[in-house]
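Once you scroll down, you'll see the structures, which are given as structure tokens.
Consider the two complexes below, in which chain A is the common component and chain B and chain C are the respective partners.
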Partner chain A sequence: MFLNSVVLILQEILEAALLVSVLMVFSRLDERRPYWLLTALSAGFAGSLLLSLNMANVSEWFDYVGQEVVNASMQYAITLLLALFAFSMSGDRSPGRQRLVTICMVASVAFSLTRESAEVFIYIEGVLSQPSHLQPTLTGAGIGAGIGISVGILLYYSLFWLPRCWITSCCLLLLALIAGNMSSQATLLLTQADWLPPTAILWDSGHWLPENSIPGHLLYALVGYEATPSVLQGVAYAAGIILVALMGWLGSRQRHLKRQPLLADRKED
Partner chain B sequence: MSSIRLFLIASILAILTLFNFVAALQGYQASLREAEQLFDNQLYQTAKLIANLHTEQIQTPPSPQNNLAYQVWHNNQLIATSAPSLRQPIIELLPGFDHANFNGYRWRTLVFYDDNHNNWIIVAERSDLRYMLAESVITQAVLPILLGIPLAGLLIWLIVSRGLKPLRDLSEQLKNKQANDLTPIAIPDLKSELKQVNHSINALMRRLGSALDREKRFTADAAHELRTPISALKVQLHNLREEVPQGNEAFAQLEAGVERMQHLVEQLLSLYRSTPEEFSHQMTRLNLYELAQEVIANQHHDFEKCNQLLELEGDNCFVEGDPFALTTLLQNLLSNANKYTPPGGQIRVTTEAVGGHICLKVEDSGPGISPTDYSKVFERFQRLSHIKDVAAVQGCGLGLTIVKHIADLHNARTSIAPSSFDTGTAFIILFPRTPDSHD
Partner chain C sequence: MTRIIRYYLRFALATLCILLAQTSMAGTPVIELRIKDHLFFPETLEIPADTKVKLLVINEDPTPEEFESYELNREKVIPGNRKTVIFIGPLPQGEYPFFGEFYPKTAQGKVVVTP
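Here is the complex of A and B:
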């Protein structure tokens, strides 16, 4: 129970901590006050409580695949929000864009927390019904949460050790990986729900790095590692990465194009 | 999140937590393997014990929890078992440890061959109970590490706060310094890392003091050197006026230029005198209404020239202030209103007690200022370009900066609002109210 608890909580916390850390780096670079995080955390915890309390009903939706569909929808929503965030963040600094950046940050963290915390609540609730497992489970949960949050804090500070010009690119790369991970997980859930057709296995690295090993679990949370991903998951992963990278590029290009006439005007003066 | 203290506390605690918890996980896995070994040894000893006992002596199950099962086989015949239902071999008769599933549980098994009696002894122990027992013992050891983290966090917070105290003291001393206080900072028992910082700050203070002294001397010299030739120039212009024909354009422009130069020099001197470093306090209780009356009387001809209606409203209001500085403040506000109000326009000066303040308000019926420009008007050399014919208005853009300086020296709040006329601006100065401010 102890190890299961560590692995499950670590996976859930680490996914959310990574997203929060990267967005907080952007927020600090943009000299934005961290109030957005408080809003996102409150909305996320409220959402997770609501979802976990109604999980029995939600599971019955769509011919008893409601949980998979709802989770996949939230993960696809996070992917799209991150792409929109990359576009708005790389673009100009107009008030409209700034508002969009805040909305994307709050909504993506809130969705991520809703999904991750609901799973943690359901797990803890299940364990509470077995008092003999309570101590190892809670100890494991504490250890998992501690490792996840610590990795998030260290990632946040270590990103600032990079040269200033690399921070944004590295954060965008991390966001792209998170988006790819979300998109791939959502595709797997929809395949499990029979909403998407099963496809061939892309590769099998289970021999080298089993999914249920500690490094396997860590890599799953960090970059969405799967020992036997399907072709569709691979496509979804690549699509998530490309979407965020493309939107970031479009945003910065738009800003560059807007700057050019201004520079031309100055030269004329 | 840019505080040094937060960075140190958060990162030290994160590293401590990460290393401790990963070490605890490693310890857990190693302890689990050790426990497994221990339970296997125990199982082996049980198998040996069963082998040495007569089969009659071991008919009753040895464990009240039913977590142990055994069978004794001789020549493919079951001669003893822990439960009558176990008639089939629990596992294939191959010596060594293995796992088997029966009775709805997973069991750790040991097959032991007894050479003395030619018996096969199979002993099995429930894996889940072994695991639970081992886990409960190990998590008892891990729990203090988990519970220790908040305590470690508290200690780290205390130590980091204590360690950063000299830096905080230095920052506090710098923050509390008056604008004109350039005395060296003295912190007793300064840490070696901060000695150089303190030394550099004090050296900077000394250099700043010298620079300010030089600037003071320069301004005094400049005032003296510039005022005298300008006065001489004005005398010469006055004499020349007799000889130059009336309406000479070049002469008029020369006269206006000299006026502007004199105004600029006077304003620069006022600005310099109203800086906190230069302002010498001669605070006295004075009647703002009477002061406004005096200033209006002195400047009345400027308003008459433009056919502007100037009113003074309100009551006797007393403030603690420097008469010379407040006269300059009023002169600048009135001069500003005079310049930006069209001929025939209205200007109203009001002194009144409002809440906990004494309010001095100068309103005009000029073109007004856009609210987006409110923050700019007190900046040095700022002249708002949206006002029609701004270039034609004589001024150097220092008047309202001087007003702000003087208001700040009197702890007064400066604000701008639309005037009560159809158009125009109201400049509002709120002085702190003293107990006997209002008669």
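Here is the complex of A and C:
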């Protein structure tokens, strides 16, 4: 139970930790106080409690595919929010834009946490009914969460080691990857629910990098690695990346037209 | 410009309708899988090759379980004493292991795709 619990919780935490770290870097470059993170964490915590307590009913929605539909909606929402974030972050510094940046950060982290921690809560709730499993599970959960959060913090500080002019581009690239990953995962869920048609397998890298190996798990959490993705997933992944890149470019083009400095690069001017 | 966008939107909508119509076609075989005492019954599910199958998973345990398979690319939580539906396939011939992520030591099974 102990090791299982470590792996399970670590997997769930890593994805959210990656998103939080990247957004925190933007937030610091923008000299924003990290209060938005508190709001996002509380909203995500409340959301995941609500979802996990109602999971039994939610999964019966839409002919027993409610779980897929709800999770996929949240993942598509994260993709769109990140694209909107890239646009408003690269754009001018009007108060309206600033507010939009905050809303995108809070909402994307809240959705990400809702989805990830709901599963953790359901798992722990199930274990609560078996007192003998309780202690190893909770210890494992604590260690898993600790490792996940540490990876997030490590990423946050390593991004600041980069030359300053690279930080924004690297973070945008990571956001684009997260958006692509979310949109690909959502597409997979809708295929599982039979709302989207099954498509052929794009590639099979299962023999040299299995998904259930440690690097496989890590890559899954970081960039959504799958050994046998479908064509539709590939399209969704590319669409997510292009959307974020395009919106970031549109935002910065607008800023250049108005001759205003980039939010994140302001200090250099 | 707006005309081009409108044209593309119409095209996207039409494609979506065709895709949705295809997926909702009837005749998908249903296969039952039960979870009891953190075990899958039956442990081996036989399905025909290149056919989409509706897996009806019934959790008879009071605790939740998560159906997970790397080979099938499937992952879904089944709350205690509830049932759920997971669509799998169409798949080429072969063996596709699955497990219960919450109780992986006992909850193990496989889908065998036969020609």
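By our rule, the second predicted complex is superposed on the first by the 258 of 269 C-alpha atoms of A that agree within 3 Å, B and C clash if a C-alpha of one lies under 4 Å from a C-alpha of the other, contacts with A are read in each partner's own complex, and residues count from 1 in each chain.
Throughout what follows, a residue touches a chain if its C-beta (ideal position, glycine included) is under 8 Å from a C-beta of that chain, and two chains touch if they have at least 3 such contacts.
This structure is a prediction, so every number in the text was calculated from the model and none was measured.
Placing chain B and chain C on a common chain A by superposition gives a fit, with no clash between them.
Number of chain A residues touched is higher for C, counting chain B against chain C. When the two complexes are overlaid on their common chain A, residue A:Ala56 makes contact with chain C while staying clear of chain B. Once chain A of one complex is fitted onto chain A of the other, the partner contacts of A:Asn4 are limited to chain C, with no touch recorded for chain B. Touch criterion not met for A:Glu12: it reaches neither chain B nor chain C. Of the two partner chains, chain B is the only one that A:Met24 touches; chain C does not reach it. By the touch criterion defined above, A:Glu116 reaches neither chain B nor chain C. Once chain A of one complex is fitted onto chain A of the other, the partner contacts of A:Gly142 are limited to chain B, with no touch recorded for chain C. If you stand at the C-alpha centre of chain A, chain B and chain C are 160 degrees apart, rounded to the nearest 10. For the pair chain B and chain C, the model built by superposing on chain A gives 6 Å as the shortest CA-CA distance. The interface of chain A with chain B does not overlap its interface with chain C at any residue.
Within the complex formed with chain B, the chain A residues making contact are 1-3, 6, 24, 28, 34, 132, 135-136, 139-140, 142-143, 146-147, 149-151, 153-154, 156-157, 214. Of all the residues in chain B, the ones that touch chain A in their complex are 1-2, 7, 10-11, 13-15, 17-18, 21-22, 24-25, 28-29, 132, 135-136, 138-139, 142-143, 146, 149.
Touching chain C in their complex are the following residues of chain A: 4, 8, 55-56, 59-60, 63-65, 67-68, 119, 122-123, 125-127, 129-130, 188, 191-198, 206, 210-212, 226-230.
By the touch rule above, chain C contacts chain A in their complex via residues 19-20, 22-24, 28, 52, 54, 62-66, 70-71, 73-74, 76-80, 82-87, 89-90, 101-102, 104-105.
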